[in-house]
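Each of the two complexes below includes chain A, the first together with chain B, the second together with chain C.
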Partner chain A sequence: MKVIECTGLTKTYLRKPVLNNLTFSIEENTITGLIGRNGAGKTTLLKILAGFIQETSGKVRVFDDGPFNSLFVSANSIFVDDQMIFPPALQLQEILEVAGSFYPNWDMKLAKGLAKYFDFDPKNYHNRLSKGKTSTFNSIIGLAARCPLTILDEPTTGMDEAVRKDFYRALLKDYLAHPRTIMISSHHLNEIEDLLEDVLLIKDGKKHLHLPISELKEWAIGIKGPTEKVLELTNGEELIYENRIGAGTMYAVVKNNFATLEIEKAGLERTPVRASDLCVYLTNDSRGGIDDVFNQC
Partner chain B sequence: MHYNREEAEVILNADGSKPIYVQISEWIETEIMNGHLESDQKVYSQYQLAEMYTINPATAAKGLNLLVDENILYKKRGLGMFVSQMAKEMIVNKRKSQTLKRLVQELVLEAHRLQISEAELMEMIKAEQSEVGNE
Partner chain C sequence: MMSLTSANMNVVVKRQYLFKLKANIDAFSSLIGIQVIALLFSLGGMGMSGSSSSYFTLTVRSYSADVVLAFTMIWGLVTAITITTRPYRNFDFTFVTNRLTSNLSNVLFLVTASLLGGVTSILSGYLVRVAGYFFLGHTLYSSEMAVGELIIGIIAASLYILTASSIGYLFGTLAQVSKAFIIVIPALLIGFLFLDISFNPMPIQQEIYQFYFIESSFILFLIKILLTTAILFGTSSILFNRMGVRQ
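== the complex of A and B ==
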């Protein structure tokens, strides 16, 4: 069953398209990573799916319903980011209790257990929390709500490394025990890639790639060796990324269309490309990255 | 069935370049080779593996299915996956024909780059072998 279906989804702000003709669908009970550069449209997309803002054109279906102004979508989804607003008069323990009355699947034991583990004072107030603590608390709400559609927009902003690791493990453990559809956006693909089943990569508001993470890892390869030999072998192929090292050595990333033997016979080195690096290369506007700026000076 | 989480993480992160599902299938092969998993014994489910390694269960399933495709594991409907009778032999054969062959290829290539003669290379292999034999 498909939980999310978008067809030609477009959102414009002041006539400038933020999301441009997006078409994709998300299967039930999968964890999908939404990856894109700053300003690619990740948050806009997630907020449309949660029903917070309305699409300009195209079709959006969440649980087979238009999410904007849908009570059904609201009751079955949660959107977590570091801007969640809670009543300032309530203590953290009271927020947990009130949240419990909103979400039918709420697990108070989990919420309290996590709050204790992450060292929250139940009598503290939400607006007094630090940046990292705010993200942690909001993520606890997101996990304990156990919504059939859980949307996490940069959930680990400000969290320190240990907390991030703990949070990802808590997310996975709770997902194993209570499968649900999770969309998680992050700048740190290398941190979350193990958790993911699928990756949705967007660039300039358009869908760039949508495929299982295991295929993404084998989607491209790096070829290293003498520049002229690399160019000869990759002749006609699109170079996703290139880097010239020293005088005569070149590293190029291309689609995985080459046999290993073919590369080795040419005296070149074949290296796997990390999924997170590949995503950076794919979303760069220039093939040489930041070095291009300096090379033109 | 017990495991050490720290150890599990090290196993997975040691070589981030290899797809995780391949690493999972190789880990199960190693468990079979060193006798932790015996013939007709039930192997870890995709959910157990997911929890052990903090990975998506679909990734774990892909690793298991890789071994089912190679007949190293077999499925019992509704019960899970089990180690085949011939699993050890199959793994040995596979590693001989793929991994070892590949290592030899690399070895010969590197020797060629360093302009080491065949006799010299054979000497080095023999010396190494006698050292392993003496242990």
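== the complex of A and C ==
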């Protein structure tokens, strides 16, 4: 069963397209990583899926229903980010109780257990929490709600390394025990790549890639060696990334269309490309890097 | 697989209503504060008339809950505007909601707030008289009020507060549609006060006053107020129904 189906989804703000003709679908009980640069439209897409904002054109179906103003979608999904807001009059333990009254699958034992583990004072107030603590608390709500569609928009903002690792582990454990569809957007693909099954890479509001993480890891290769030889071998192929290292040596990333033998015969070095690096290369606007800015000055 | 739950609108509205009573507890504490201030104003008496001769001075003061009611109406207006602001709207969208249930639970909350405001402001009328008797040493000549009249008084007061909140709710929603309304609405209101007042023997303001405030039939009054508030709340609901949240 497909949980999310988008066809030609477009969202424009003041005539500027944020999402541009996006078509994809997400299967039930998968963890999909939504990857893209700042301003690529990740949050806008997730907010449309959660029913917060309305698409300009195209078709969005979540659980076979239009998410905007759908009570059904709202009851079966939760949107977690660091902007989640709770009434200042409520203590943390009261917020957990209120959340429990709304979400039918709510697991209070898990919520209280996690809150205790992450050292939350039940009598504290949400608006007094630090940035990292806020994200942690919101994530606890997102996990304990056990919604069939759980949307996590940069859930680890402000969390320290230890808490991030704990959170990913908790997410995976709870997912295995209670499978559900999870969409998680993050800038730290290297941190979550072991967690993900699929990756949806968007660039400038358009779908760039949507494939299993295992395929993404094999999708491209790095070739290193003397510049002419590299260029000769990759002749005609699109260079996803190139970096000239010192005099006469070059590192290039290309699509994985080359036999290892062929590369070795040319006396070149073949290396795998990490998924997180590949995503950075794929979403770079220009071939050059930040260094070029300084070189021109 | 995780089973999908169907959402029952009545259940969601009820939960949101209970959630709002808890979340907006500050509104009720500010009600107490405002009524205490209004009571202090009332202690001087509403109307005063006096006569005197060389042998005696007679001062008649009438005490009523009018100032308290007026203050409470302003409180209802402000509370309604408050719950249309972005953070309050977003509280709902953290949990299960759609725009309709959010509005319905808001209206239920405002009805509750108005009833509470109505009861307390009518009862404060007695408090003023008692305070005048005990602390200011006035002799009290109270016109007795039957229980039926008291209840009608409470309902009427609540309806006035509810009307004020429905106006506030529409203003608040309009302000969310466009920030320009924050300037336009007060400008229109002030302009409206001076509208046509010198030319027309029966200006529109007076007609509005007579329509809502001088109505001898309670049933007619009830229908008028309920229709007015329904139109105002309904308009707000339609406006909000297309709006994005958390953006």
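Points worth noting:
Here is the rule we use: the second predicted complex is superposed on the first by the 290 of 297 C-alpha atoms of A that agree within 3 Å, B and C clash if a C-alpha of one lies under 4 Å from a C-alpha of the other, contacts with A are read in each partner's own complex, and residues count from 1 in each chain.
One rule holds for everything that comes next: a residue touches a chain if its C-beta (ideal position, glycine included) is under 8 Å from a C-beta of that chain, and two chains touch if they have at least 3 such contacts.
It should be emphasised that the depicted structure is a prediction, and the values quoted were computed from it without experimental measurement.
Of the two partner chains placed by superposition, A:A115 touches none, neither chain B nor chain C. Of the two partner chains placed by superposition, only chain C is touched by A:V98; chain B is not. When the two complexes are overlaid on their common chain A, residue A:P272 makes contact with chain B while staying clear of chain C. By the touch criterion defined above, A:F86 reaches chain C but does not reach chain B. After overlaying the two complexes on the shared chain, residue contacts for A:R146 are found with chain C alone; chain B is out of touch.
When the two complexes are superposed, the chain touching more residues of chain A, out of chain B and chain C, is C. In the superposition on chain A, no contact is made by A:I202 with either chain B or chain C.
Of the residues of chain A, not a single one touches chain B in one of the two structures and chain C in the other. Looking at the complex, you find that chain C touches chain A at residues 1-7, 9, 12, 15, 18-19, 22-26, 87, 90-91, 93-101, 241-242, 244-247.
By the touch criterion given at the top, residues 28-29, 47, 51-54, 63, 69-72, 74-76, 79, 83-87, 89-90, 94, 98-99, 101-105, 146, 148, 178-180 of chain A touch chain C in their complex. Of all the residues in chain A, the ones that touch chain B in their complex are 30-31, 168-169, 172-173, 176, 190, 194-197, 212-214, 217-218, 264, 271-272, 274.
Chain B meets chain A in the complex at residues 12, 16-21, 47, 50-51, 53-59, 62, 109.
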